[in-house]
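What follows is a pair of complexes built around chain A, which joins chain B in one and chain C in the other.
Now for the complex of A and B:
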């Protein structure tokens, strides 16, 4: 059982927010100010909007880290949630610091797709695989974010290393063929997934560079 | 399908307007254990065939009750709410023009779902109910987005 503490004896944790990527929902916060060196621990609770009471989560009681993975507790992404955290030090504790209402469906960031490039003489074909939703167990069947957001789109950015020119195009299908490219030229590609509607931070894929083939006519000479 | 009817409606404009005032509205709503729309079981179980009727009924709910009952001092919030209200008006007209009543029939389930929303609204003091309903616009917009896509598949 939780040891009773003197409430309001400590300042509250600050900047408490959910960091959510592909429905992996991690609560994070900053330690209370002016408590350098103190061995502060934290306790987290969460609330399902519309329900009746705050719920504890066994994994985040009296913890010293400043984050708590609440993905399992908030896995129904069509519900909305609140979370709160308080700081504890010896027999003192802070008041609760609480998040705003968190709505995974409209707030989770969509991770980058997997990007596979194959080259031709004047073309590069790009095959995109939508990111996967967070899984409770590694063995669970994967759920693509595309199944949740059927209007998922991709922003493909291409950089010509020779001309130093960059262009982008928005695509909905998973295969893109870039044509009319210069032969024997290095092109670098990165891709972002996005869902039209609520503004969300974009997470670009790692830049990948490939070179188009040599001009076959000059290669034969 | 709903998509053909609402094709001309730019949902992103509405979502952008709401996104700008969401935190302010939701933070003022202190009744975390009560919801108006979030009885998602009622919205989640709406069949494609009822989507048009429920959309129409909820647009009417917002136009005729929520926007009228809500009192707001912040010009920024007021401006965004009126953007949303105008878009809802436009959506209503788009639905009316797009199909005859034949297609936008209301089944008993659709009527029940709408009634649950009104019942939830009536259980709160009117200003609190209006504020809460505005704070739950993201649920309605997500539902439209989801059904707007699905009815087009």
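Now for the complex of A and C:
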């Protein structure tokens, strides 16, 4: 059982927010100010909007880290949630610091797709695989974010290293073939996933660069 | 375009609605202290058939226009909230003006099913103090938009 502490004996943790990517929902906060060197621990609780009680989570009671993975507790993404954390040091504890209302379905950031490139003489074929939703267990069947957001689209950006020109195109399909490219030229590609209609932060994929083949006619000479 | 079953609504930009709400989400939801009550409960919006959707969205948007946004105007609120309400209300007027819920007899059971859902919402609203209910309903516009988005075709 939790040891009783003197409430309001400590300043509250600050900047408490959810960092959510592909429905992996991690609560994070900053330590209370002016407690340098103190061995502060934290306890987290969460609340489902529309229900009655604050709930504890066994993995985040008296922890010393400043984050708590609440993905399992907030996995029903059509619900809305609150979370709160308090600081504890010896027999003192802070008041609760609370998040705003967190709505996974409309606030989670969509991670970048997997990007596979194949080159030709004047073309590059791009195959995109939608990011996976957070899984409770590694062995669980993967759920694609596309199954959750059926209107998921991709913003493909291509950079010609020779002409130093960049262009982007919005695609819905998982395969894009870039044609009429210059032979023997290095092209760099990065891709973002996005859901139209929702203002969200974009997370671009790692830049990948490939070169188109040499011009086959000149190669034969 | 929105496709609520047989009802079609064009020229509404969903991003505009989201941005209008996002601008005030934190301040409005922070004012809602009754976190144990959710007006747009799962039972109101889950598994709504296409056929029901036109009736339900028509009732909900009319309620937001005639009760929530209208009464919010009488409250002393920040300008950014009035601006957000104005954008949402204008778009809701466009949507409701283009919705033509069918009134044929063979649709009566579907209409009744949609109406039961709406009454769940309305009853929960009426059970609260008016000020609290207005704030809560406005704070749940993100739930409403998320449901409406399922009927939006890009």
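Criterion: the second predicted complex is superposed on the first by the 221 of 221 C-alpha atoms of A that agree within 3 Å, B and C clash if a C-alpha of one lies under 4 Å from a C-alpha of the other, contacts with A are read in each partner's own complex, and residues count from 1 in each chain.
The criterion applied here is as follows: a contact is a pair of C-beta atoms (placed from the backbone, for glycine too) under 8 Å apart; a residue touches a chain by one contact, two chains touch by 3 or more.
Since the model is a prediction, treat every value here as computed from it, not as a measurement.
Once chain A is used to superpose the two complexes, chain B occupies space that clashes with chain C. When the shared chain is aligned, no partner comes close enough to touch A:37: not chain B, not chain C.
By the document's definition of touching, neither partner reaches A:138: not chain B, not chain C. Contacts of A:4 after superposition on the shared chain: neither chain B nor chain C is touched. Contacts of A:51 after superposition: both chain B and chain C are touched. On chain A, the surface touched by chain B in one complex and the surface touched by chain C in the other have residues 47, 49-52, 78-80, 82, 100-101, 103, 105-106, 151, 196-199 in common. Partner chain C is touched in their complex by these residues of chain A: 47, 49-52, 78-80, 82, 100-101, 103, 105-106, 151, 153, 196-199.
The residues of chain A lying in touch with chain B in their complex are 47, 49-53, 78-80, 82, 100-101, 103, 105-106, 150-151, 196-199. On chain B, the positions that touch chain A within their shared complex are 11-12, 15-16, 19, 23, 26-27, 32-35, 38-40, 44, 135, 138-139, 141-142, 145, 149-150, 153. Interface residues of chain C facing chain A in the complex, by the touch rule stated above, are 14-15, 18-19, 22, 25-26, 29-30, 35-38, 41-42, 46, 139, 142-143, 145-146, 149, 152, 154.
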